[in-house]
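Below you'll find a set of structures to go through.
Here come two complexes built around subunit A, the first alongside subunit B, the second alongside subunit C.
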Partner chain A sequence: MVLTRDTTPRESRPALPDDFAQRFGAQFAELSAESGDPREFSLQWGTRAKPGNPQAGLTIDDINVGLYGHIPDRAESRNRIPRGAIALKGVTDVGGYSVCDAHRLWSDQAGQLYEEAIQSRWQTATDLPWDTGHGVPEDVELAVCQVATELCQQSQTEIEAISKWFRELNPIYHEVKLHLACNVFDAARMFDGYYKRAMLNGGGMLLESTGYLNRIIQECYSGWTETSTLLHLVRGSFTHTILRYLTTYGPTQLDRELAGRCLADKTRHIAYAMDHLRFSFSKAPERAGAYAISLVAAEAQVARDEADHVLWEALAVIFGGGVRGMDEGMEIVKRLRRDWVNDYLDRMAWAGVMRRAGVHPALRQWIEEPDTEAVGS
Partner chain B sequence: MAHTFPSVEWFQALADIANGDDDLKKFGTLDATVVFKVAEQHYSVTFDILQARDVHESSADDALEADFVIELSPEKWQGMIDDIQTNGRAGRDWTLNTLDMIDDEPIHKNLGQDGFAADKFHRYGPTLQRFMDNSSQLETEFAGAAVTT
Partner chain C sequence: MPTEMRESEQQPAEPLDQLLEYGRGNGYQLDWLRKRETWGNELHPDMEHGGLRLQDAEVGPFGEVPDVSDNETGRPRGALRREDAPRVGSYRVKSKSEIWMRNAAALYEEALTRQWSSATDVPWETLKPLPDDIERAECELATFLSDVEFVAGDVPGRWISDTSPDFFEPRMFLVSQIMDEARHLDVFRKRALANGGGLMQQSRAFAGGFGSSIDNARDFTEMSVRLHISGEGLILSVFRMGERMAYNDAEKEIYRLCGSDESRHVAFGVMHLRYLAEAEPERKEEIHCLLDEVEAGLAIGEGTSSQNLLTRVGSTGSSLAVLLGAGNIEEGEKLAQAMRQRQIKEYIQRVKVSGFGERFENGRSGPVLMKYVAG
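So, the complex of A and B:
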């Protein structure tokens, strides 16, 4: 890192406040034998950030100016130092922050995704038409409660899986951590929304899912990239497809709007993972084998979850408008299963992982055009 | 004043409404170039965070540069706009999400097969739906058809 000093002649600089040296100067003087004036040894004093797009205001990406915008391939410090700050002498690693390589967490999209997340402000309590969520036939209501239970469980898994990794992700890549903080918030909001939905008409929480995939997401210690791939691309694509279908087949306006709002959030999470995985491959193509192993294990667990009929039957009741329409609803469920597997494989292909040929046999039945791969640009 | 659909004027009027719609901002930013395809005509709108701008008729080649193209038959465009004008917003059968899913072919695609860009259809879905729902405020006449309000 190049240390850029302020070259303004000392005598022409405005004076620091009288009490500066007394209050802070001694601390800075420890770093510089010459002066207690931080302008002389700040890594890049005088760097100013400006909004890049007046519509967007001053975004997190806009402050990436000069050395503050230098995203290192590898973080040198394993402590909480913000990017561009001056490390104290003698401070050792504080523990954690084991993910120090950009290729293990970085995405160029993370800053924008963070901005989108905080700009998209909505709350389940007041931004959803709760009054439209009544009058649902009891069999459909029970099915909605079952699906809500599973979506709550998926949200819990997401919150815990990401939270567990926060301490391992080096804060020098702050855009990623800010985006993931919003991801946790989004997952909390989805939990909140579907729990409330289940409680609206007396149904409440029903049967927990088999949770095989949940478990390996929680217990993935291979790395953050692998965890994100399982969480955002395997599970995320599945959740995304369910939400997409609920935007159309949800029995009430409330159900459709709740799903639509969560769908937008979920697409952001998937966007991070796609872009991160593609970046990771560009920097460390030799890790492809490790990802493939993670995916083989994940797809096997997905297959075990898929063998459980509870979720499919609940969705069939919703899509068919009741138990009597289950056969028709199950045809829509088949489309849903086809869509999720193909969307998952397309996203993996965009990131650089060609899985169609090797996908788990239980998922292969849903593949369209097995000999072709979607391509990214 | 009636605006003819499809036309640059119709989409520009919709963009003008969006740019003055404070409620639209609550649905989040929209940062994408979207092409609306009606039969063989293409209308491009660039959504720049909270502004819809640069509305113009584009060529099929230009559509390759869009994040995604939304393509519906003229009859379905009319059905959607009629429904929005009747109800003030798209009913379940006429939302972008429903139209995207109900047939075998989705209505949105990135012509360069860039799945990341195509996903923006869902990422910005609520805002995009609000954009279309604002057509309830436009007196619309369809080319070769009667005026609908």
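So, the complex of A and C:
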């Protein structure tokens, strides 16, 4: 039996055979090593996955054929059995892997995002034009260093927040874990890129973040979905907007390219979170309402960060070309803040959480500003 | 030529004090706008020789790694503190010696340089139908490795979030390891599903238990010894013999690429242990006790619960014998025996380089292990 790639949407695939659970859990585990037929040791002998697109090679989604592509709504084991392998009878839990429901982590996009991340791989050491980053006026250079400090700290928060969840996310949903491995790697590279940028002309790391949103991202133990929402949609939308503006207003080619590379990575992270949240609500629609309420508290912390002047002033210096251009720069900062809040609200609405009417007043003020030209949207 | 540091020759267009005065006069605070100790030192990387590497950028106070970290807010090392910033980290690993090693930044950069894609860098078209017993053995091995790569990817994650960001170099390296292990899991799963076999039975080796495991380690060094020095070291030895087990170019390339990644992970463990032995010699006896456990756990083929895939009993050991003997189990078993011997020799070499070689001279290392090497 040679199977081809199953491109049927997951929801409309036929139900698994009646004896699936029996085959999966019991029958094959009884086979002894002396069994004569090697084919009995696989639940789907004859599987020959082929690349769906020769240009893209053999992707992680290409190998989701037959039962290997069946994503269960709930993982029955809390150990590391690869999805579709034959379970050993009596294997105990290994600790962790508590996130066992698909609606708490799954996204149909995860496999594709993983392969995209691998294909888009880059490194800061050699893929950036470092020689174009010199000769920046002192005030602008220091502002770049302040923004770099903020972005480095955001990256570190992202690294910590995701890393601690790996042992909780059930391996049955390996596509998500693969995507998140890329996500945390991207975050490390963003730290690395902005750290080097801050050091390039000796400016170094300046003032640390206010840290209120960082704190609630780290403190979020209620679930991966909640952590992802805070990290990728609340914080991620903010970081994404800053990077987008830096691709236009970065003072050097280096700054624009660095922001552009990180922006592409960040876009993937947000795409996962949006798709996951939407999937989650499709399985547990009652959660959307609760989410809208929970986000009130998150937005209150964002408002505390938002009230601090440091990042806004630094961005205004960059956008205005120096301290003397800060008034003009601050007008651009206002547009950035408006874009950020709108992007955040639009993404939440796409996923099923309607926050626009109830968004925190400190954020609402920006979307009530008179409409001005957006950047790169 | 490495990155060159030069003093900036550029003259400021307008003195900073003057600009600050102007800005403050216009209602801005600008209290963050200040020059640090490194101001004016420009980095000029040689793009033909590695570009701007992390280790090149660690200068001045930013390159000073504290022996004990008091960073509770998650700020980047060397950044200026805010008195009102909330504590966010609850970092358990606060002592440098607990996690440090001298070349983590270089290993991280190497990991970035050597990124590869299982989708396009493996010549999948060279896979051809294999005899059923060979295909089963390949898939048995691939299933085992898919399982084991979850261990090596998931466990370090916990330690990253537990470690102070002042030690960002080892944290960054561990992030790169998570990435590598994701790719290994992915490539072995692809191998199992690309040539007619499918995934086989899950491994007994990674079932839960009562502690003394990579999962349950309560100390980073313990985890690293179990994971990097022992577990990954043993697998590295197998990958190095990949040429003997492979039946086509795709499999050869998989073993070669994974072996290259794995050797970085093992190097991390060796270098960390070496640093610990130098920085805290009073912990050496504790580490020797740990190595006693590790060596007993190697079991050298004495039981089915061994995490060594070359265990003599059990499906992975049999599979390797089938692959090495091209279906001739007896012949394959002889080669597997040689491979086990090589595994143990390489393990001993790693422990020696880590600074714990005396155990092989003073009789501490178990007689089974030494007999094995002698044999």
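Assume the second predicted complex is superposed on the first by the 325 of 377 C-alpha atoms of A that agree within 3 Å, B and C clash if a C-alpha of one lies under 4 Å from a C-alpha of the other, contacts with A are read in each partner's own complex, and residues count from 1 in each chain.
Definition applied: contacts are C-beta pairs under 8 Å (C-beta built on N, C-alpha and C of every residue); 3 or more make two chains touch, one makes a residue touch a chain.
Computed from a prediction, not measured in an experiment: that's the story for all the values here.
**Q** Looking at the overlay, does A:P72 come into contact with subunit B only (first), subunit C only (second), both, or neither?
**A** After superposition on chain A, A:P72 lies in contact with neither partner.
**Q** With the two structures laid over each other on chain A, which partner does A:M274 touch: subunit B (first), subunit C (second), both, or neither?
**A** Only subunit B; A:M274 stays clear of subunit C.
**Q** Tell me the contact category for A:Q119 with respect to subunit B and subunit C: first, second, both or neither.
**A** Touch partners of A:Q119: subunit B and subunit C.
**Q** Answer with first, second, both or neither: which of subunit B and subunit C does A:A56 touch in the superposed model?
**A** So A:A56 meets both subunit B and subunit C here.
**Q** Scan A:G352 for contacts with subunit B and subunit C and give back first, second, both or neither.
**A** Touch status of A:G352: no partner.
**Q** Mind working out whether A:P137 is in touch with subunit B, subunit C, both or neither, as first, second, both or neither?
**A** second
**Q** Which partner does A:F191 reach: the first (subunit B), the second (subunit C), both, or neither?
**A** second
**Q** Residues of subunit A touched: more by subunit B or subunit C?
**A** It is C that touches the greater number of subunit A residues.
**Q** Which subunit A residues are contacted by subunit C in one complex and by subunit B in the other?
**A** 56, 115, 119, 121
**Q** Please output the residues of subunit C touching subunit A within their complex, sorted ascending.
**A** 8, 10, 12-13, 16, 19-20, 22-23, 26, 28-45, 47, 50-54, 57-62, 73-82, 84-90, 108-109, 112-113, 115, 117-120, 122, 124, 132-133, 135-136, 139-140, 143, 146-147, 150-151, 153-158, 160-162, 165, 168, 171-172, 175-176, 178-179, 181-183, 185-186, 189-190, 193-204, 206-209, 215-216, 315, 318
**Q** Could you pull out which subunit B residues touch subunit A in their complex?
**A** 25-29, 31, 48-51, 92, 95, 97-98, 101-102, 110, 112-117, 119-120, 122-126, 129
**Q** Okay, in this complex, where on subunit A does subunit B touch?
**A** That would be residues 53, 55-56, 112, 115-116, 119-122, 127, 240, 244-245, 247-248, 253, 256, 260-261, 263-264, 267-268, 270-271, 274-275, 346-347, 349-350, 374-377 of subunit A.
**Q** Using the touch definition from the top, list the residues of subunit A that touch subunit C in their complex.
**A** 2, 28-29, 33, 37-39, 41-51, 56-60, 63, 65, 68, 79-88, 91-96, 114-115, 118-119, 121, 123-126, 128, 130-131, 134-135, 137-139, 142-143, 146, 149, 152-153, 156-157, 159-167, 171, 174, 177-178, 181-182, 184-185, 187-189, 191-192, 195-196, 199-212, 214-215, 218-219, 309-310, 313-314, 316-317, 322-324, 326-327
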